[in-house]
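Listed next: structures, encoded as structure tokens.
Next, two complexes with chain A in common: one pairs it with chain B, the other with chain C.
Then we have the complex of A and B:
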């Protein structure tokens, strides 16, 4: 069996690349997923779609993605529960507030509409938030959230309709490289020849890179989330704080989804959960969001952030192995960047370079020059 | 009292002691200490504990705190499972319609 493009990874990134390839007329494409679609970080993520980043690269990609999310239902053909309820960023120190003001200046230069709110304004607008300790907040009304499972299935179904193959429960075991060029892949369902291979393996990106002999500087770290029983839908935005280390949103059904990072996590794939997380999270969140006080936790799960050294994605084409592309290291924000990345990688493959987004600064060679850290990460 | 199991082959005879009073939808009702909200309501002839979002009646179903069919509002707090919550003297119980309202 031969496909022009083989994609490893059936998350939002892999399916988005497949969809954009198909949309641009290339349908000799196959996606290989070792478990089921959206079974990795995509289906485990908080589902936020944010444009308020601290680096221009992330802001631009996120803004491009929002344009696609706004038209997702019409263009891709699935209702992914997309709501532009905004994103409220809360800062808890003078230093963080200054960083926020700097960010907003840069974000506005990129054409993003962002408001700066005092704690008093936050209290007036959102009386159900305890603003104790808040120094400053920013709000971007066009940020939002969506259902990551539905988005993945939306892309996959649209791709399949165009003739693209999706192989789930199919693990890639070997990448066949000859004379510095990928020839094909050995999978649990046989050998597939390909002209182009894309690594969109999320948490497993480094391992997949190694199969092709390409070193990718990514590490996976566990992040946990829990979801509560539903309340009436009243909380349309996503609230997030980097210093207090949390994010929270209400799903349309009414459940609250929230998570935090843990500095003590060791790198590696770990999909277990801890009581420590539940305890810390419940204590912190009921204080800041008092309406959660009597709300029960329904489920609790974890997934991997595939971290890059600067918390920005690593996108591009390998110098070492011809026809080996990668879209990895999303560092916890792959879902929200997926449409723009899918488009850019598809353009790179078919046209030689991305047309709509400049992603040259996201190539892995950037780390040779030093690291400019993305700060807006939980 | 008509809907109470007064004689049970294993649990034995019911001792009708410690009567307490609670409120359901503004109506004063009697219960026994040790009653769950659900058993007290059923004993008072009340089967409809609340309504779904679309207005269909809900009530006692799994009886062990799993199904969330019997959610009521207790003293203003929504999503209380009537089947596993003991009724208390002076408790104010209301029917929940759809999902609970946030309280803060």
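Then we have the complex of A and C:
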């Protein structure tokens, strides 16, 4: 069996690339997923779609993605519960507030509409938030959230309709490289030849890179998240704080989804959960969002952030293996960047270079020049 | 002027009808009197096929037997007076009470054949006076003759043939049978009858009885309990059932009143059903011109009632006409002897011994067939483990492949070299105890005798074993209709290895409002639609539809959803991924976690 493009990973990135390849007319494409669609980080993430980043490039990539999310239902054909309720970023120190103001200036230069709110304004707008300790907040009304499973399913189904194959429960065991070129892949369902191979393996990106002999500087870290019972819908935005280390949103269905990072996590794949997380979250979140006190937690799970050294994605084409592409290291924000990344990688494969987004600064060779950290990460 | 007949037959059931036929055949003038609306006695109420041999209408449904016998009698110019009760046999005459015309008048008869049958026994329990407590016969009359279902949810008391048959008929009529309770430690009726209801999921609770009916104005429930060796309810074992009908099928007692009034000697012979008239082997009572036949003589079944009717009838005819009918009488006696050799006639043999009438026992095959025949060939599998006097399988087989081994009580065996898998015996067997099986390359086929609303070919069904438990799911391959006998054959495609397990099936309900995930109110059709769209993993369905994302965490819907996936995709549940089991297993509030964290001790 031969496909022009084989994609490893049935998460949002892999399916988005497949979808954009199909849209651009290339349907000799197959996606290989070792479990089921959205089984990795995509299906475990908070579903936020944010444009308020601290680096220009990230802002532009996110803005491009939002354009696609806005048209997702019409273009891709699935209702992904997309809601542009905004992102409220809360700062809790002077230093953080200054950084926010700097970011907003840069973001506005990129054409993004962002407001700066004083604690009083936050209190007036959202009386159910305890603003104690808040120094300043920023709010971007076109930020939002969506259902990441449905977005993955949407891309996958649309791709399948165009004739692209999606192989679930199919594990890639070996990448067949000859003379600096990928010839094919050995999977649990047999051997597939390909002209181009894309690594969109998320948490497993480094291992997949190794199979092709390409070293990718990514590490996976567990992030935990839980969801409450549904409440009446009243909380349309995503609230997030980097210094307080949390994010929270209410899904259209009514349940609150929230999480935090943990500096003490060791790298590696770990899908277990800890009660420590629930304790820390319960204390922190009821303080800032007192209405949560009597709300019950329904389900608690974890997923992997595939971290890159600067917390920005690694996108591009390998120098070592000429037809090996990668879209990895999303560091916890792959879902929100997926449409623009999918488009850019598809363009790279078919046209030689990305047309609509500049992703050259996200190549893995950037780390040779030193690391500029993306700060806006939970 | 007082009318006189040569022979009066009291009761137009199978015994009375056959008696009248025997007499009329020989030229005797016969009047049959019966209080019912329709001749046939209990036969018009019986929608099941009868056992026995084809000479006595085996494999024909009860109501049809009644019609056939009545027609034969009418052809022979037998006179009938229906809706007429014999209100007494007096010294000076027999009084007939025509209920329609409100007339009571007396007649005389040279000979009387009393074939009054039996009446139902009752048992006492608290509040057994409530409307909703019925005898099985009453339930059958209402349901099968008047087409009125006297309830929705039934408790049946007694697992003899009548209790089992009524249960099956109730299921056919669309009622629920919550349970059959039986005080003894075994099913009294034929196992094949029991299997018909067990495979439909009706529990037969042995060593159980009813202790109380619940309700003020009518039956709203029943309390049942276990019983000890002396049939006394054991305290503390009571259970409540929500039913609106308690149907008593606890046995029959001979209706001997008229025989007694005719001065026939009555004796108490429990093996024959209680008080019975003494009679000799020609069915003559202690009174020279009074004969009896059927259940009044001993509680048995329709075949023996018919034979006794003939014996009595020919004997009367012989006396009336002076013809020698001994050959016919002898033939019937041999029939009766053959029927009564089996284990189900043990009590009758013992009872009749007390009258000095001896019937031989044994002489029939008891060994079960060991082999199932050659795998891969479409062939029958007979599951008839008891020595029932019945042989339509043998007599209906067009290739002579089935034999009960001589005596009618024998266990049927199949000669698999001769069996062509035609299914005629499957449609004939009154016990619905013959199945067709065939192992195929990827699946197996089982053909099931079926008397309910037929499924469509290709319809997916739940496969049930003989206890009504789900053993898997399959698909209807085809339906072979039997317009005459009404026992159809449904051929099912089933997973390999289940050929000897699958004995029934139930249709998979496809109502749109059938909710699988109760927390999130996800319906079965939504799930099936999503599977059609290509979401064939539990986790994919969960993420797509929110199945098991509610407070119960999937306790209610996980397995159900997996079954739906399995049925739609053909992948056994054991090979599907179960999906994640995420904590907390019950919803926990933020407050509880905070409070717990502040505590120092356990």
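Everything that follows uses one rule, which is that the second predicted complex is superposed on the first by the 378 of 378 C-alpha atoms of A that agree within 3 Å, B and C clash if a C-alpha of one lies under 4 Å from a C-alpha of the other, contacts with A are read in each partner's own complex, and residues count from 1 in each chain.
Here is the rule we use: contacts are C-beta pairs under 8 Å (C-beta built on N, C-alpha and C of every residue); 3 or more make two chains touch, one makes a residue touch a chain.
What you see is a predicted model; the values in this text were computed from it and never measured.
Asker: Given the superposition on chain A, are chain B and chain C in a clash or a fit?
Answerer: fit
Asker: Between chain B and chain C, whom does A:229 touch in the aligned arrangement: first, second, both, or neither?
Answerer: Both partners, chain B and chain C.
Asker: Identify the partner contact of A:128: answer first if only chain B is touched, second if only chain C is, both if each is, neither if none is.
Answerer: Touch status of A:128: first partner only.
Asker: Have a look at where A:254 lands relative to chain B and chain C in the superposition and call it first, second, both or neither.
Answerer: Only chain B is touched by A:254; chain C is not.
Asker: With the two complexes superposed on chain A, say which partner A:273 touches: chain B (first), chain C (second), both, or neither.
Answerer: Second partner only, chain C.
Asker: Counting touched residues of chain A, say whether chain B or chain C comes out ahead.
Answerer: In the superposed model, C touches more residues of chain A.
Asker: Output check: A:297 vs chain B and chain C. Expected answer is one of first, second, both, neither. What do you get?
Answerer: The second partner, chain C, only.
Asker: Is A:282 touching the first partner chain B, the second partner chain C, both, or neither of them?
Answerer: Second partner only.
Asker: Does the superposition put A:157 against chain B (first), chain C (second), both, or neither?
Answerer: second
Asker: Please work out whether A:37 is in contact with chain B alone, chain C alone, both, or neither, and reply first, second, both or neither.
Answerer: After superposing on A, A:37 lies in contact with chain C but is clear of chain B.
Asker: Between chain B and chain C, what is the shortest CA distance in the superposition, whole Å?
Answerer: Chain B and chain C, overlaid via chain A, are at closest 5 Å apart by C-alpha.
Asker: Touching chain B in one complex and chain C in the other: list those residues of chain A.
Answerer: Of chain A, residues 229, 293-296 contact chain B in one complex and chain C in the other.
Asker: Where on chain C is chain A touching in the complex?
Answerer: Within the complex, chain C contacts chain A at residues 533-535, 537, 539-540, 543-544, 546, 549-551, 553, 577, 580, 582-584, 587-591, 593-594, 597.
Asker: Chain C touches which residues of chain A in the complex?
Answerer: Spelled out, the residues of chain A in touch with chain C are 36-39, 43, 149-150, 153, 157, 160, 168, 227, 229, 253, 273, 278-279, 282-283, 285-286, 292-301.
Asker: Quick one: which bits of chain B touch chain A in the complex? Just the residue numbers, please.
Answerer: 68, 77-79, 98-104
Asker: Would you pull the chain A residues touching chain B in the complex into a rising list?
Answerer: Contact set of chain A toward chain B: 127-128, 229-235, 254, 289-291, 293-296.
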